[in-house]
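One structure follows; several queries about it will come next.
Chain IDs A, B, C and D follow the sequence of writing; residue 1 opens each chain.
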Amino acid sequence: MSEILRIIGDGKEIPDAGVPDGLSDKDLVEMYRWLVLLRTFDERAVALQRQGRIGTYALYWGEEATQAGALYACAATDWVFPSYRQNSIGILRGVPAATVLAWWRGFGGVHGFWNPREHRVAPICVPIATHLPHAVGLAWAAKIKHESTASLTWFGDGATSEGDFHEAMNFAAVMKTATVFFCVNNQWAISTPIHKQMATATIAEKGAAYAIPAIRVDGFDPLACWKATKEALERGRAGDGPSLVEAYCYRLKAHGTADDPRLYRDESEAGRWMHLEPVGRMAGFLKRLGIMTAEEEESIRAEAKESIAAAVKEMESIEQPGREILFEHVYASGRPWTFDEGLAELEGVERPPEVKPLGPPTGAGAGEEGKTQ
Amino acid sequence: MSEILRIIGDGKEIPDAGVPDGLSDKDLVEMYRWLVLLRTFDERAVALQRQGRIGTYALYWGEEATQAGALYACAATDWVFPSYRQNSIGILRGVPAATVLAWWRGFGGVHGFWNPREHRVAPICVPIATHLPHAVGLAWAAKIKHESTASLTWFGDGATSEGDFHEAMNFAAVMKTATVFFCVNNQWAISTPIHKQMATATIAEKGAAYAIPAIRVDGFDPLACWKATKEALERGRAGDGPSLVEAYCYRLKAHGTADDPRLYRDESEAGRWMHLEPVGRMAGFLKRLGIMTAEEEESIRAEAKESIAAAVKEMESIEQPGREILFEHVYASGRPWTFDEGLAELEGVERPPEVKPLGPPTGAGAGEEGKTQ
Amino acid sequence: MSQRTMVEALNLALHQAMEHDDRVVLLGEDVAKTGGVFRVTAGLLDRFGEERVVDTPLAEAGIIGSAIGMAVYGLLPVVEIQFDVFVYPGFEQIVTHAARYAWRTKGEVPASLVIRIPFGGGVRAPELHSDSPEALFVHVPGLKVVCPTTPNDARDMMLAAIEDPDPVIFMEPKRIYRAGREEVSDELPFALGNGDGRYNEVLSKARVAREGDDLAIITYGPTVPLTIQAAERLAQERGVQARVVDLRSLYPLDVDAIVEAASTCGRALVVHEAPRTAGLGAEVSALIHERAILDLEAPVIRVTGYDVPFPQFANEDDYLPSVDRITAGANKVLDF
Amino acid sequence: MSQRTMVEALNLALHQAMEHDDRVVLLGEDVAKTGGVFRVTAGLLDRFGEERVVDTPLAEAGIIGSAIGMAVYGLLPVVEIQFDVFVYPGFEQIVTHAARYAWRTKGEVPASLVIRIPFGGGVRAPELHSDSPEALFVHVPGLKVVCPTTPNDARDMMLAAIEDPDPVIFMEPKRIYRAGREEVSDELPFALGNGDGRYNEVLSKARVAREGDDLAIITYGPTVPLTIQAAERLAQERGVQARVVDLRSLYPLDVDAIVEAASTCGRALVVHEAPRTAGLGAEVSALIHERAILDLEAPVIRVTGYDVPFPQFANEDDYLPSVDRITAGANKVLDF
């Protein structure tokens, strides 16, 4: 097993390494701000789900470093392609947090989707690994246009089993696209542990099949994620093609709000990884370096809390969209006649009561159903 | 690039190695007989196509070692899964050559298909790489039943780009199935050269992504193909899982009878590989070893010619199947009512003239169309 | 005897089939340790062990393709697709292989497998967890496609699907997985493995879910209970007795039951949740008109999902055929 | 002006589109160096270079998925699938992504790509080279599906498909790729890129391929020329003038043209090569009955491929709708 790049220690046995070149104190604090914002969003979303205010939610508690660290390495013009797990990555790129919450609340159209071109953030991808070829195609297009745009895509350990992972890696390697394949190896795909998912000990080994350089990093360490991504992007922009980053971590919580990990794993294992979680760890690092005071920390947290609270409010101010939303934006070229017919039929009947996030319409075992992502 | 296993020399610069353990003189002559039978089938099929007696045909001239060598290593109970390129592999396992020719003549049902369970030879697979998961599932099933059956599947260099290759390799590795992935790297996928297909220099490197051991062999050398396969099967049967064999060779002829390689490659390149072709090479080897006389060689060739000639005759004695064949064998559970309706409709009109292999029905640029596999 | 939901009835059938025949194996993502995200396969790992109940890697073509290979070797795999839409990565294996293995082997080696697909909306799920892809399979020759609506049918049809030598796409309407209970006996509904082809009957016949002679409403899956409600309303509101036909078998369709219902009633409506164009409703409509136009007092019309992506869930009830929409459709046919 | 086959007309359109807009790129297996196995893309590599005309690795999901990514970045990819059936490995990308990108991005980023699929039988090809999968795409909301039948339509519709911001499944009837020539002008059929939406019209309107008022025969693709022959025979044999409607657009269907033809003629037949059940013929039949039943003197019937795997080619003419079968179907409708 190859070595794992790690920069931030745990303040105890694991020593800190030096801050990587290219990151100022300001950058470090900003990255911390990103981590806190993601964390705050995630915790709030879980709470909202528990309160029946949004639907099933795929939490990412503990994986903030893989998101913030990697994104911080990207140029503003680079594109990122999230899976459902990185659902709120857009909030670090100007997508309103209310929009992401609205997506989970079951709102579509202008409420729950964004314009990817505005933020260089692709839509949330639900079918596993299917967004990887998009990331490749985008960087390939940039190459054709002689532009330096790179792409980065996140996906899980389970995703590496899908054919689309393989096809995307191969296309990227052959076309030498500036693509970073960022694998969040949290060692679980719902209830399936990584050793049932693959026979290799690491994800990084898979790069060899495509002659794609791979690096393993501590997925709880935002600076390690940043550094590996930064180098990968540089390699890509230099014309040397794609890279694979394996962010080794652990899924500290449930797969989603409908999942109960006690059914399939010993939760004490998660406990053993807990001290490595990125938000506290980054805070400790910054404090050890004297870059951030307790007050600054507090104000960052407060600011995040406030901004997410405002987003919740905004999301909750959205009224259930009208029925015509069904027919909106399906075709960019205009509405086929079938839509007019559909709308006319709809308008001929009374509207059903507003849909709440929880509980199927007729007495079914509410919540039991849409079990998971 | 890892080394290439080679046993048979070229009688000039390349020296012979010793006959691998486990092969008697009789085996060697039998293997030669197999090579000749395949070669004879292939050359005859090409001629039949040129004469308009069968349809488009995917020739394998020069790849006989990858087929006969690998198959010779299999136990009779092991299953093999061919692609279109190994279309006539079944004739070495008791499938009548007439049946395979009939498949290319456009006959279905009892004429053009065989019972895989009778010969442990899966049907010809047309969609690239899609038969690989079947080979895995079969060996997995044997494992579940605690039987020692192994499986072997052939596929091309191009096939490694498909997601099914990846998923099959991964499943085999995880489930530790006794499967041999036998890649015939002839360096071309129709007009696409291997360097546009993948960024790795070899196919063997791809094993690393699955922790599957891989070996490169001279794909024109039947004994190298045999030895690598033999060892792979032993590993599989010992419970150590799948193996990848890369049989490195070159597609000496066209992709199929509708393909014109001059459109996309310099045919003199094929010329440079020609002296390595397996049939003459094996004959030379056997003669250098004094195992086969020129007379024996002649009689093997004559016998093959005769048997394929008989098969051609048999194939040509098949009358165009009746219209009811459309509805036969679709469901094993019986015929749905839609079939009775279909047949009744069919029987209500005069039958169209017999379909000949060449030329679309109405004046279209005959032959131009079904360009390739 | 006990009161069982559809999930429990399916679970019972899987227990019974695995008990009866050790060639039956289960494959899928998260089917073993957790018993599947809907718990349909709960308890089977403990009972039958990890060789026969397998948490596979995350790859649908790999799962279905492996299952085909297993079937070739003589096993009887039952595959779970986690949610409707996730069958698409395995679509190739279904269409070019599962559907054609019998045909390609002179009928000797059918791909004897069952592919279970929880499908449809109404459960407030995120994007791409609510589709109804059944018509795609119905259009592919060589497959059987079925969809139970009651716990008893679910149990019987699952046993029959496993017995059936042909590949069966087993559509499970997730909205009614736990929508109600009914008595489901522990007794086997028919003797397993005795070669009398009873499975064929169980898998090919529609069911009259409500009697009536004034209007035929033909439907299947999640819209069956809604259609029955609409029929009750029609009875109350205008004294019309609608016959509700639950198709159960989507391929082959039970054309006799369909045409008989339409002919007897003289008026017919088709209801389903999938998008309208080229959906199953079109086929049912075409069949009825082709065979019974002279018996009709009105054209057959369709109440279906719209030709749009299944909406985000805050608007799913706008998309789904409702009792109101079904009633309105019925009134249209009645008032023609 | 020159006499061109469909292949040449498509080739012309690709030349024109690439000339006009450098965002147009071509991707596929063997499309560049050889110009595709059917030579539709011949000469384009030489003209536009290997950045814009690309021989890709052999992986359909990879090709279509990459094309989607390119479209997101603003290119206009035209993808070739080598033969009908080989689209299935990329089916997932089409259904869950290409079809939904506009919807998922508030209409801002449609997946503007064209997926060319040579399809259908009649060319004496080996197994799995002769399928007609169009109905599968027609059932998927968010796609446009079109099928030209003449060289001029092929040229115009290809230009329009590339202009159209939505993903277009472009079905090419391989049997008539070179079946005949007609004058195809070098002049552009409409001004490209001027935003007047002319593409919409070109992609959504059926065409009357033969005039007549006694019987409407609705068809598309490879069966259009056969249907015209059947119509001529009907004229000769029984003095019946059949109107042949070439659908061209399979989604959305030109419902006005379809219903008008059926209403005017009072009798209608639908013809296609794909299997019958849940095929496009069912949709056309349902539409006509729903809207024009009172104008009909007979039910709409269907002459189609059968619900079986496309046969090995020695029997393909038994499978394919022939002039005889179309005529017999027409007589059935006429004699009802």
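Note that in this section a contact is a pair of C-beta atoms (placed from the backbone, for glycine too) under 8 Å apart; a residue touches a chain by one contact, two chains touch by 3 or more.
Being a predicted model, the structure only gives us computed values, none of them experimental.
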| item | value |
| --- | --- |
| Identity of the chain that, by mean CA position, is farthest from chain C | B |
| Between B-C and B-D, the pair joined by more C-beta contacts | B-D |
| Centre-of-Cα separation between chain D and chain C, whole angstrom | 31 |
| Euclidean distance of C-alpha centroids - chain B vs chain D, Å | 35 |
| Centre distance in Å when chain A and chain B are each reduced to the mean of their C-alpha atoms | 45 |
| Centroid spacing, where centroids are CA-atom means, of chain B and chain C in whole angstrom | 39 |
| Touching two or more other chains - residues of chain D | 56-57, 59, 61-62, 85, 88-89, 92, 96, 103-104, 127-128, 141-142, 251, 277, 306-309 |
| Where chain A touches two or more other chains, by residue | 108-109, 126-127, 130, 161-164, 167, 170, 174, 196-198, 330, 336, 338 |
| Of all residues in chain C, those that touch chain D in their complex | 61, 85, 88-89, 91-92, 95-96, 99-100, 103-104, 127-128, 135-136, 138-142, 251, 253, 274-275, 277-283, 285-286, 289-291, 293, 296, 298-302, 306-309 |
| Complex contact set, residues of chain B against chain D | 55-56, 84, 103-109, 112, 124, 126-128, 130, 158-159, 161-164, 189-192, 196-198, 258, 263-264, 320-321, 323, 325-327, 330, 336, 338-339, 342, 345-346, 348-365, 368-373 |
| Chain A to chain B touching residues, read off their complex | 161-167, 170, 173-174, 176, 196-201, 205-212, 241 |
| Parts of chain D lying in touch with chain A, wherever the complex brings them together | 25, 51-52, 56-57, 59, 61-62, 64-75, 77, 89, 92-93, 96-97, 101-110, 112, 141-142, 144, 164-166, 197, 199-200, 204, 251-252, 255 |
| Chain C partner contacts - residues on chain B that touch it in the complex | 79, 108-110, 113-118, 122-123, 126-127, 130-145, 149, 151, 163-164, 167-168, 170-171, 174, 328-334, 336-338 |
